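Working notes for the structure below.
The chains carry the letters A, B, C and D, assigned in the order they are written, with residues numbered from 1 in each.
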Amino acid sequence: MLNKSQIDAHNEKGLAKHKKGFDYVSGIIPDAEGIIKKLTDFQVAIPSWALGSGGTRFGRFSGGGEPSTLEEKMEDIGLLHQLNRSSGAVSLHIPWDIPTDAKAIKSLAADFDLKFDAMNSNTFQDQKDQKLSYKFGSMQHVDKGVRQQAVDHNIEVIKYGQELGSNSLTVWLADGSSFPGQLNFRNAFNNTLESLQSIYSALPDDWKIFVEYKAFEPNFYSTTVGDWGQSLLYANKLGEKAYTLVDLGHHLPNANIEQIVSLLLNERKLGGFHFNDSKYGDDDLTVGSIKPYQLFLIFKELVEGMDARGLNHATDLGWMIDASHNIKDPLEDLLQSVEAINLAYAQALLVDSKALNEAQLNNDVAGAQEILQDAYRTDLRPVLAEARLREGAALSPLGLFREQKIRQQLIGKRGEKTVATGL
Amino acid sequence: MLNKSQIDAHNEKGLAKHKKGFDYVSGIIPDAEGIIKKLTDFQVAIPSWALGSGGTRFGRFSGGGEPSTLEEKMEDIGLLHQLNRSSGAVSLHIPWDIPTDAKAIKSLAADFDLKFDAMNSNTFQDQKDQKLSYKFGSMQHVDKGVRQQAVDHNIEVIKYGQELGSNSLTVWLADGSSFPGQLNFRNAFNNTLESLQSIYSALPDDWKIFVEYKAFEPNFYSTTVGDWGQSLLYANKLGEKAYTLVDLGHHLPNANIEQIVSLLLNERKLGGFHFNDSKYGDDDLTVGSIKPYQLFLIFKELVEGMDARGLNHATDLGWMIDASHNIKDPLEDLLQSVEAINLAYAQALLVDSKALNEAQLNNDVAGAQEILQDAYRTDLRPVLAEARLREGAALSPLGLFREQKIRQQLIGKRGEKTVATGL
Amino acid sequence: MLNKSQIDAHNEKGLAKHKKGFDYVSGIIPDAEGIIKKLTDFQVAIPSWALGSGGTRFGRFSGGGEPSTLEEKMEDIGLLHQLNRSSGAVSLHIPWDIPTDAKAIKSLAADFDLKFDAMNSNTFQDQKDQKLSYKFGSMQHVDKGVRQQAVDHNIEVIKYGQELGSNSLTVWLADGSSFPGQLNFRNAFNNTLESLQSIYSALPDDWKIFVEYKAFEPNFYSTTVGDWGQSLLYANKLGEKAYTLVDLGHHLPNANIEQIVSLLLNERKLGGFHFNDSKYGDDDLTVGSIKPYQLFLIFKELVEGMDARGLNHATDLGWMIDASHNIKDPLEDLLQSVEAINLAYAQALLVDSKALNEAQLNNDVAGAQEILQDAYRTDLRPVLAEARLREGAALSPLGLFREQKIRQQLIGKRGEKTVATGL
Amino acid sequence: MLNKSQIDAHNEKGLAKHKKGFDYVSGIIPDAEGIIKKLTDFQVAIPSWALGSGGTRFGRFSGGGEPSTLEEKMEDIGLLHQLNRSSGAVSLHIPWDIPTDAKAIKSLAADFDLKFDAMNSNTFQDQKDQKLSYKFGSMQHVDKGVRQQAVDHNIEVIKYGQELGSNSLTVWLADGSSFPGQLNFRNAFNNTLESLQSIYSALPDDWKIFVEYKAFEPNFYSTTVGDWGQSLLYANKLGEKAYTLVDLGHHLPNANIEQIVSLLLNERKLGGFHFNDSKYGDDDLTVGSIKPYQLFLIFKELVEGMDARGLNHATDLGWMIDASHNIKDPLEDLLQSVEAINLAYAQALLVDSKALNEAQLNNDVAGAQEILQDAYRTDLRPVLAEARLREGAALSPLGLFREQKIRQQLIGKRGEKTVATGL
């Protein structure tokens, strides 16, 4: 952890330049203060598995200084939150991060000012002591025993979450098939529905369940919750506590994700969001590193749709990063991710929605494009920095991280070869 | 039109070879007669716009002898049906083929033994005398007047259909947007729903309405009925006479269409099918010319799912070819299309569903693949030919078409430069 | 055409705001003047077919006031150039825009301060008086007569170009096949090569020939110049006056175009560029409207690669817009296009190439991303405006176009229903 | 290993049915004997890493009875070859399968009648004792030391291959980048070229080097040998012993692989082939399980192009399976793979090339399709079985494998939890 004086020194150094930038930009946009307020409230959850180096099926190149316990992971997230005051939530994955002493973990979270966001279950891998295998699926499985095991696991995850103060469960199912003929699609769907219903029955009243979809991988022919249409079918059949969760990388090529987001909000069934970016498949790259304009368009729909539905941006949807840091330092990657998310959010808030509405009513296509691009092309980084400054975070989170050589410190403390649990 | 003796002479010539083939294959498969029976009942509708040369946005190369009236189009379809006895239905498109004298058209259809399948409306082009433009959409339009015009047109199409004895309406909407910001997605969705509801109210009790979806083109950013999930939302909100229609070419790259088909049948909402094939987008190539195994897998799901739902293969779904014959003779292309469809259907009927079910229950993935490939690799062309032979059609429809130089005859009769209405 | 006082009045009105913006941004970037200089030199050619409304294969919705003669088209381009001083070149298409009186056309061009960029031939459509058809290809055709006709046409196009002072020929071939088996790929390749060699022989010494590639459409199974690898093969076999031309929309999904650009520059074989944007296929949308970051990355490679090869940005490559204005006013679309191109170019010039090189040598992946994003996120619109201001163009070209109601003027002058030649 | 009497007993049982099928099909095709001859000569190499269960980045579900030594792997391949007499070659991967005692391994290979096909190097993973890391590439690396290490490794692989009697080296490079800016594309290309040239210098005179390309994964932004165009550039710059290797799964969506194959043969630069199948990316599914018609079309080009170039089908190209058996028994999967390859090859041999050529010269597109589909739809499985029968292999390799419960035997012998080296 950093101490306040380190942050202050960093900010002091950059203040003059920042001031100039903020003065300029706040002078040309209508409501800098409103955007700052919303940015301050908006928090993105960091998943506990994102603090270590990820890999591909071809191998993994380890970084160094990775956290090897849940406590160390929370320490890392605490650090991120200190740097940007926008990462005030943790999303835990069971069984990678079982909170054996919930009370101690909660107290640690309080120290770092962190909340517990959605809990994540895992029925896509076999654990060492596991009775039945998920090789051929979990909730879709032809064997009722396997389905029950998967259901029980999810109920256990809810229990862990309750102890920590979480109030939502994200279910991502790798279930599907890799070859034609392997699966009876209807049975797989109906089995999965039944399994989800069992979990839903065990869901506390104030909890939500998020049904995540994914087009392909690790199954390569079909996925049983494969697109937003399927996820919405499940969510509708489950009930009002069930929602669809959108992960940016989980679509077929060229899918219009912003339209999906809009329609799900229209149906009051959008529950949450996993941020990352990709060029080819579920590449799990840093959000905003490949298609930042798409990210802005998605946020535009989120803001517009949530406002139309009377939802609170900060609290009514679950926001989480879900990326794989194969070649970047995970903490640096997460700092870049949060910055990209906040930037897209701010740009979306800047859109002149009244003028846009008018352009749309006039079928003024070129005009509508001008309105969007005007918001997108405006450099709002000083506004983000100002929001951080006011909250006591760093003007440049990544800059301070590097100045303080934090990775080197972590390596010194934790070692060169530690491996975090996760993918 | 051919006369019976021409067909007989053709069949006589090929009979010995056919006999040998049919004897062999009927000896190695369990129920050739059952397949023949089902093939005989199964009829694929020919759309009235498929009898002429299509084009691309880069131009059109005309063929010759194209039909220039509805009567000539029906004559062409009558010929196809004579050749294969599997094309006993017409699908009309309004306003390209307005049946001004419905009685005469019905009588002509009776002469050719043709039924009237789904009617097709057109709100994606502006007609010469049209009051308001569809440039910015029809049922989604921000202007209620345009929406009403589109609704009225569809109701008129229903009226034409009623006169002819059709009992379904296919609504394909090109509505969407080509640029970010152009459209408010929610408003577009809700406007479209409202428009469809108006049409639905006018739908006769024994009619169905098919809501067709398409991923992209002619709009290149978003489509308002863009995937099966959206279509199903509309169909569910409309009511029990509303169904989803699947066109093979209307998906994002790599979509698993057979799974979609299965899920729609599971939801009792699959209404019909448009056959074609593609490599890149909505290429509208001859069905079975690029991905014949996918076609088989789709039919496998159709057969399995319809049987599970107690549906009649021949009558409970709408089957139609929807391709664009840019460089092939349209009639030859349609003969190849019907052959490919029938072949895939027969292969699907051949699948040992009991063994497949068992393999699935045992997670015997390799075994399941063997079962599917065994059906697919069996050469069932003699069974198709036998079905035709028994119905008085040609052993080789395309062969007879060429032997009789029918295209040359049509050119002689209709001219070299005729242009059929359509795309 | 506008008169100077109209432009001056427009600029006067916006000057104070502009000043403030330019002062700010020129204070935070290292070399605003250098960027302005390069922007001023950089001119994007407007193709003669881009002044009218385009269409799709499903139809065309006309705009109004479209130019119906070459003279009117040049007038439109002259207007664009007046507005932004960045569109000082015309790219003609034969036979859509045959300059029957070359001298008069050249004099008109001089009036508008326009140059003649690459000439475009057309062997993808049949013209009214054409002897042989291109239905089955042109330079690939199995019939030598068709190939010769295509060669002759291109030589004629060169002749027209020489009269006007152009010095390059762009050859886009739609040649390919729509069905497996239709083509012998080797013969098609070798025939095409031979045809191109005949044209190359007729190419004046100071001319270049650009071989454009396209993945698909209008052929839907194979294209004979289908990707950069094929184009480069042709270019290498032809000789040193032959180059590859890259059109942004002519790739398979997810292709890394910036890498292609870099490799072609490495091979000294990149000849030119067609700008547009797309989400699905060759959508021909306004450049920068869908993937502006990709556009920036491409320009980054262009700048870096041209500098490494000692090429002049403004003159050593051919730059052209190639889009289809289906629903926007073509002139507005072109103004937006040029703005997006200039913005991406300016951002690319802003990249700190020394720091980037260092980051690359250190495998500092996160650092390299910061450097790129820093340039991309900087709002350089005031720099573009300043460049225009100094050249006597409009601070806001689109703004002035709308203020002066130029489209309405053109409709008044040319009529509501004029149709420009082209797609 | 099976003994001859087990195979004989299996064949005896199926003989009558086989006879009937073979009699029929050999009676309707022109040259069954010619096809049998070619099938007999045609051998597909089995890679040493394909005998164990593969995985995805989400985990791995182990099978049982997997080989844990090179000797056991060769035993497995020997078994496959006994069953189908079409798998008479091994492709080794270094360092997963270092032949420490080359003489003993060669003698073992002779016992199983196996040859050593292409050797495979590995510079995409870090080995335990490795000095420098490949995290940021190998032959492209900014550090000359890393490049040299990769070169040295490849030279060592050649040495192992020479000891065993192999005469080709396959180089697959994972090199590339995951984020914009990470790499200077030109430097990466030129470094890679230089590295390959060093290896090429060490290549024995009678060896070939295959440069494999891949569109993406494990790098997710760019790949330095990313498509056939890049691979061909390297191969041409290296010299006449260098060739391009095509892996079916290594392309962007919708790529026309058969055209690539044809063009590479036209350039005399196609060196080898990796078989697998896929729906989404490099899924590494069983060849022929998803797109069998594409496989046929590829073989059609292979046969046609090799014949045109006077190449020997069996010996002038390298043929290898490269799949990942995540959920199927690897041996069953490989048996299905070889069957699918042989079937496609036989179908391609059946194509009436004279008639096809004529149809192409007449632009008879429908006719050309008929010719291809006629070959493809013919059930040639009895011809494959006959070829096996004559060579002493099993009528049904997979059938016999299951009858003899070979997997259970292997589990009994090797254990339930063995893990083969590989991915």
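We adopt the following convention: contacts are C-beta pairs under 8 Å (C-beta built on N, C-alpha and C of every residue); 3 or more make two chains touch, one makes a residue touch a chain.
As the structure is a prediction and not an experimental result, all values here were calculated from the model.
*Asks:* Quick one: which chains contact subunit A and subunit B both?
*Replies:* A chain counts here if it touches both subunit A and subunit B, which gives C, D.
*Asks:* Between A-D and A-C, which chain pair is linked by the larger number of C-beta contacts?
*Replies:* A-D
*Asks:* Using mean CA coordinates as chain centres, what's the subunit A-subunit C distance in Å?
*Replies:* 39
*Asks:* Which residues of subunit B are in contact with two or more other chains?
*Replies:* Each of 135-136, 178-180, 182, 215-216, 221, 253-254, 256, 279-280, 286, 289-290, 327-328, 365, 369 in subunit B touches at least two other chains.
*Asks:* Over in the complex, which subunit D residues touch subunit B? Could you list them?
*Replies:* Those in contact with subunit B are residues 17, 20-21, 24, 27-28, 253-254, 256, 279-280, 286, 288-294, 327-329, 332-333, 336, 343, 365-366, 369-370, 373, 376-379, 381, 398.
*Asks:* So in the complex, the part of subunit A that touches subunit B is made up of which residues?
*Replies:* 135-136, 142, 177-187, 189-190, 215-216, 221-222, 226-230, 232-233, 252-256, 258-259, 262-263, 265-267, 293, 297, 301, 304-305, 308, 356-357, 359-361, 363, 365, 368-369, 371-372
*Asks:* What part of subunit A is in contact with subunit D in the complex they form?
*Replies:* Touching subunit D: residues 54-59, 61, 124-126, 133-136, 174, 178-180, 182, 215-218, 220-221, 253, 278-281, 283, 285-286, 289-290, 324, 326-328, 423 of subunit A.
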